[in-house]
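In this document, chain identifiers A, B and C correspond to the written order of the chains, with residue numbering beginning at 1 in each.
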Amino acid sequence: MTTDTNLSAGDARLETNGRSPHQIKPEGFKPPKATHRTQHVLPGFHASLGITLTYLSLIVLLPLVALVLRPWEAGLDGFIRTVTDVRVVKALQLSFTTAFWAAAVNLIAGLVVAWVLTRYEFPGKKIIDAIVDLPFALPTAVAGVSLSSLYAPNGWVGSLFDPFGIKIAYTPIGIFIALVFIGLPFVVRSVQPVLAEFDAEVEEAALTLGATPMQTAIKVILPSLAPALITGFSLAFARAVGEYGSVIFIAGNMPYISEISPLLIVIKLEEFDYAGAASVAIAMLALSFTILLVTNFVQVLLSRRGRA
Amino acid sequence: MKVKAPEAPKSPAALGLMAFALFWIALIIVLPLINVLFEAFRTGVAPYLSAILEPDAVSAIKLTLLVAAIAVPLNAIFGIAAAWCITRFEFKGKGLLLSILDLPFTLSPVISGLVWILLFGAHGWFGSWLDANNIRIVFALPGLVIATVLVTLPFVARELIPLMLDQGTDEEIAAVTLGARGWDVFFRITLPNIKWALTYGVLLCTARAMGEFGAVSIVSGHIRGLTNTLPLHIEVLYNEYNTVAAFATASILAGLAVVTLILKTLLEWRFADELSAHRRH
Amino acid sequence: MTKSDASRRQFLKTVTGAALMTGAASALTACGKPATQSLLNVSFDPTREFYSAYNSLFAKKYATGGKAAPTFNQSHGGSGKQARAVVDGLKADVLSLALAHDIDAVAATGLLAADWASRLPNNSVAYNSTILLLVRKGNPKDIKDWGDLVKPGVQVITPNPKTSGAARWNYLVAYGWALRTNNGDEAKAQAYLEALFKNVPVLDTGARGATTTFIQRGQGDVLINWESEALMSAAKDGAQFDIVYPSLSIAADTPVAWVDKNVTANGTEALAKAYLEGLYDEDAQTLAAQHFYRPTNPDVLKSFADRFPAIEQLNIDKDFGGWTTANARHFEQGALFDQISAKIFKA
């Protein structure tokens, strides 16, 4: 373990999370703060790492090992047959693409909402801030029933689109709506603390140096938000991929068309096919985990570019 | 560090952004909420009250609060420990640790419940040992708690890590250099700095813990009055064609979420001086 | 709590302990009396009101026999999911599920005798239901029988047979009707099912979801559903639809059984048996009829003839060779329903 305070390989690894302040500030603008020093200076390394590792092992790793070891009674063939079945492949495609687009829309909408909530003062702001968390608190099944009643052809919103022949509920668009609903708080709550704590001096300096507010927003603030935005995006995406309760009420659940992957897991459980259910689950987990690793990698790239 | 204070929107761009944000929240969040309330009060106030005062509903509320009261502090302590070691020290395998920390988000709720059955169910790894020793985990309170802990595990840590990285360690190191002890550093310097992110994390964790449906549904056993949490009680009511009661109960959960946010606002007022002192720094 | 008492109700123990900690013990006052026995009935979704009425009826009768009135715990959920929970360790004393297949699945793990169905009268079916059609008020599409469901322009709402027990009953009647109409020609019956599922715009995961889709969301022209749920909706949601009794239906048998291993461990064997046998008593049969289930006692059924019209019914054992055969032929992975789905939706 290194004890140097320079930006070393160790720092790059730390910044797989990508939140060093160095990346956002023009060099020489302000002396960079030392973000991390040696474990000899600050106390509690062994205790905190011990708690973290024990807790993660018991709550996350042990159950996942049980999951990963489950499907092999039918051999590798059984696993491959399950996950290459056209119906499973279609469901995985559907889950991952709708989750991607929902997270992408949330990325933009969530950024705007977080910006408005931290930068502007207006009546009722506290209430709006409060209800952003509603998708967390409302049980997903309630959200599903409520959304399907709004977006069904006879619903408040669905009836606006029905005359144009656009069906929202019971199509993949309905799935998209449900995933936008459950994902929004992830982006807002990831961005909000960083935006709230953003160093105003940097922003003021940019403005003093002649940048327009727009330029300041895009060139100074946005890059520093990038890690938080990527975190928000990947959390919203990961959550959306696995979502079940709110989706099944609005999806239509037609095989090959609007059938999501978690529904296939439930179907396999109904058949007492634990191995098949675990196979689909592992496929989903592997795909999501790969995507998380990719976004982590993107964060590393961003933080390096920011520092260069 | 100086932080920009919020101000009234003036420029057209600001007004435009605000209009979009309000429209989006109205469409995505407020409309479904109004719909829930509309259904809950469809037949008037009396059926609403009788639905939420019914003994099974009351015991579901108690159980939901109990589960959250156990799961959230566990995850908060874990979150602080994880954020401390990740942001304050350099060690091998940190990237992997971070990715594992995110894993619970990628799990479908269905899976987050199923894994506990694979471990503690009658045919699970520890099933026969638990049975022989008369220990109940799944289909009892411990199962509800661990499923909730798994689903909500990353919330606090994920809120703390970006902020603690951003803030750096200057103040803490200065304090240690001046002879401050470990817990003093934490309570006097770190905790005030991360207070709001910690509050956010705890609130999100609480909201999610109370609303969790999929994972809990698999490990609950759905025994009315004993292992039915609020979301499960709602499902049962709905499946009994008791729509009004189902939505009435759902509105309690929405209300609990708003209560936690009101608590946060109260905290902000209470600690306003301290907060501005921190910002003046 | 003494140790012997705890062994009788181990399930409650953990919950009670935690509840005491938080002062929530008031909800569980019954635990304080050691002589009281408690019974966990794991059932499917829409039986709650019936069983809460039956539980108090039974408790009163049981107490007059000089014993302490038992307390009851009820668990309700999707039938297949409930069976899985019991297999995975939910300590049910008695099961009352939507399909014999789900109880068979529990029996397959050795928790109860494989011949459980023969232990109580009428194949352990104390009450059942049947499958019928719901159409929009005034029946605008003129739907009278199964043949009308495949007409072009008719939209049919039924849940997914992969996730819903009710949907399996729906599917089997439709198939049985098509076989009969085509003199046993399986290819034609299969073609009928293909045409039927082509007319299905939404496959909900359960009977309740399908009912909502049809009634509240206004989707589809006809809903295939349990008679019990149709009558219950009619009582609760008013007359937004008409009920059509088709020329042929099925005896949707919803059997009951006690779980041998659990009642032995809990010492509730006698109580569980008495509880289930009591379902066949005339007062319990009447109660079932009042909660929209068809009583299997023919005299009681007759007295509710205006609620439950006579209808020709197929039988799962006689006409489909029992659930094991029917599942293998129709519902398992890669079986007929999956083939039909692949054919009409894959494109």
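As a convention for this text, a contact is a pair of C-beta atoms (placed from the backbone, for glycine too) under 8 Å apart; a residue touches a chain by one contact, two chains touch by 3 or more.
Fair warning: this is a prediction, and the values are worked out from it, not measured in the lab.
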Where the centre of all protein Cα atoms falls, which chain's Cα centre is nearest to that point? B
Chain separated most widely from chain C, comparing mean CA positions: A
Report the inter-centroid distance (CA atoms only) between chain B and chain C in whole Å. 36
Report the inter-chain centroid distance for chain A and chain C in whole angstrom, where each centroid is the mean of the CA atoms. 39
Determine the centre-to-centre distance between chain A and chain B, using the mean Cα coordinates as centres, and give it in whole Å. 16
Expected list for chain B, residues touching two or more other chains, is 124, 238
Show the residues in chain A shared as contacts by 2 or more other chains, in ascending order. 145, 149, 266, 269
Where chain C touches two or more other chains simultaneously, the residues are 87
What part of chain B is in contact with chain A in the complex they form? 1-4, 6-9, 11, 13-14, 17-18, 20-22, 24-25, 27-33, 35-36, 39, 77-78, 81-82, 84-92, 94-95, 97-111, 114-116, 118-119, 124-125, 146, 149-150, 153, 158-159, 161-163, 165-170, 172-173, 176-177, 181-182, 185-186, 196-197, 200, 203-204, 207-208, 210-214, 230-231, 234-235, 238, 246-247, 250, 253-254, 256-258, 260-262, 265
Please name which positions on chain A make contact with chain B in the complex. 1-2, 10-11, 13-14, 16-17, 19-21, 33-39, 41-45, 47-49, 51-53, 55-56, 59-64, 66-67, 70, 109, 112-113, 115-122, 126, 128-143, 145-147, 149-150, 156-157, 180-181, 184-185, 189-190, 192-194, 196-201, 203, 213-214, 227-228, 231, 234-235, 238-239, 241-245, 261-262, 265-266, 269, 274, 277-278, 281, 284-285, 288-289, 292-293, 296
Chain C residues touching chain B in their complex are 6-7, 10-15, 18-19, 22, 24, 27-28, 40, 42, 45-46, 48-49, 73-77, 82, 85, 87-91, 109, 206, 208, 211, 229, 232-233, 236-237
Contacting residues of chain A [partner chain C, same complex]: 86-87, 145, 148-149, 152-155, 169-170, 248-249, 252-257, 263, 266-273, 276
Residue set of chain C touching chain A in the complex reads 80-81, 84, 87, 105, 160, 162-163, 200-205, 209, 212-213, 216-219, 331-333, 338, 341-342, 345-347
